[in-house]
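Dumping the structure here so I can ask a few things about it.
Per-chain numbering from 1; labels A, B, C, D, E and F assigned in written order.
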Amino acid sequence: MNNNGGEIMDISARNQLNGKITSVELGAVMANIKIEITEPNVITAVITKESAEKLGLTEGDDVCAIIKSTEVIIGK
Amino acid sequence: MNNNGGEIMDISARNQLNGKITSVELGAVMANIKIEITEPNVITAVITKESAEKLGLTEGDDVCAIIKSTEVIIGK
Amino acid sequence: MNNNGGEIMDISARNQLNGKITSVELGAVMANIKIEITEPNVITAVITKESAEKLGLTEGDDVCAIIKSTEVIIGK
Amino acid sequence: MNNNGGEIMDISARNQLNGKITSVELGAVMANIKIEITEPNVITAVITKESAEKLGLTEGDDVCAIIKSTEVIIGK
Amino acid sequence: MNNNGGEIMDISARNQLNGKITSVELGAVMANIKIEITEPNVITAVITKESAEKLGLTEGDDVCAIIKSTEVIIGK
Amino acid sequence: MNNNGGEIMDISARNQLNGKITSVELGAVMANIKIEITEPNVITAVITKESAEKLGLTEGDDVCAIIKSTEVIIGK
């Protein structure tokens, strides 16, 4: 976690999983980011290339995968 | 995983985290479900009460938390 | 529907519309997939290129468009 | 379609399925609306109770289920 | 607002912010659109390139940024 | 903004609109929160009751409405 312009705030999104970036793939508009949260769980996040660049995301970065609870589907 | 009407299919959602339900809270329309994926990570899912009942979700169930990659925000 | 690694599971997403893929367009990170569900209804899905490739999506495939009910907006 | 305050506009959401409301169930904050788009396809939409009331949604209404293409998951 | 094929309809999405497009960036599948709603607030929307072209989005257009209330996260 | 357990982090969500809460309505599972961002723009956010309580959201609070750019639809 860094503090480049970051603000101290709590957010309502219930799911905040800490992990490390294992890959960053940039397209023209979007970027595909892989985050290893716990072996063997990997989270794939697709964000704007703009965000990936503003946050300076690179392999090895410690990041947090944030997911609002209404976005989760349950399979059983 | 059970097979009550389930179909054999792969789905495009990249994030499929296996875990166990630790709590089910029903409202009039929605339900709040807690899924422990790996100590100490807990996923909160808000789904319809209708779905929670159709899937028969109860504490201790082995389930899968499914999240499309476009829904993930990254914090750093 | 195939069973390449698929699991037998029910999912909480209420909307599961069967149809046939009529076009697959790949970008660098994302893919735009058209699914004809019933004449003249066509569903457009944007998923990762990675998912499109892992599922081997091609024209003519029988697929299911899955949509969580919280994602639907109503116009009247 | 009515014109109570409605505006003439096109929207970017690719998926706009016409149908008829078959049930409206109100909770304290949310509402669960069933829309039959084509036999036997029914779309479930969860919207705020506030919206359901402002649009005056009732059984038999002709409505449109609007879904952004990034919200669609594909199962195969 | 134009009326090229637009319909007179109210939509359930609670958040409809009027603004002006300040930039359009096209990728292969997706497009990144900036909308200035009120100084200094700018909304970034990522939609399909297909939608950007069908709506003919260009700098200076008066548009409306539409956001379903379940998609909003609160930071405090 | 407070710092009760908050972390110093930047997040990838492009849309972060500052405003003040004007109403909080709690249901059994969900909560409907109104945030005035700039006169006359009001953002409606539906979050879990659990989050509303953990953040201690009340009228008059300065908060930030966070929206991922893929969730924005454009009307023209």
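As a working rule, a contact is a pair of C-beta atoms (placed from the backbone, for glycine too) under 8 Å apart; a residue touches a chain by one contact, two chains touch by 3 or more.
In this text, all values refer to a predicted model and were calculated from it rather than measured experimentally.
Peer 1: Going by the contact rule set out at the top, which chains touch both chain E and chain F?
Peer 2: Common neighbours, chain E/chain F: A, D.
Peer 1: Farthest chain from chain E, going by mean C-alpha coordinates, please.
Peer 2: B
Peer 1: Select the chain at the greatest separation from chain A, using centres from the mean of Cα atoms.
Peer 2: Here the answer is chain D, farthest from chain A.
Peer 1: Select, from D-F and A-F, the pair of chains that is joined by more C-beta pairs in contact.
Peer 2: When A-F is set beside D-F, the one with more contacts is A-F.
Peer 1: Which whole number of Å gives the spacing of the CA centres of chain D and chain E?
Peer 2: Distance between chain centres, rounded to whole Å: 20 Å.
Peer 1: Express in whole angstrom the distance between the two chain centres, defined as the mean CA positions of chain C and chain F.
Peer 2: So the centre of chain C lies 31 Å away from the centre of chain F.
Peer 1: Taking the mean of the CA coordinates per chain, how far is chain B from chain F in Å?
Peer 2: 24
Peer 1: Could you check chain E for residues that touch two or more other chains and list them?
Peer 2: 1-2, 7, 9-14, 27-30, 32, 44-48, 50-51, 55, 64, 66, 68-71, 73-76
Peer 1: Could you list each pair of chains that touch one another?
Peer 2: Final set of chain pairs in contact is A-B, A-C, A-E, A-F, B-C, B-D, B-F, C-D, C-E, D-E, D-F, E-F.
Peer 1: Inside the complex, what are the residues of chain B that reach chain A?
Peer 2: Checking each residue of chain B against chain A gives 1-2, 13-17, 32-33, 35, 37-38, 41, 43-47, 51, 55-57, 61-76.
Peer 1: Show which residues of chain D lie in contact with chain F when the two form their complex.
Peer 2: So the residues of chain D touching chain F come out as 7, 9-13, 27-30, 48, 50, 66, 68, 70.
Peer 1: Residues of chain F touching chain A in their complex?
Peer 2: Listed in rising order, the residues are 1-14, 45-48, 50-52, 54-55, 64, 66, 68-70.
Peer 1: Going by the contact rule set out above, which residues of chain D touch chain B in the complex?
Peer 2: Its residues touching chain B are 25-32, 44, 46, 70-71, 73-76.
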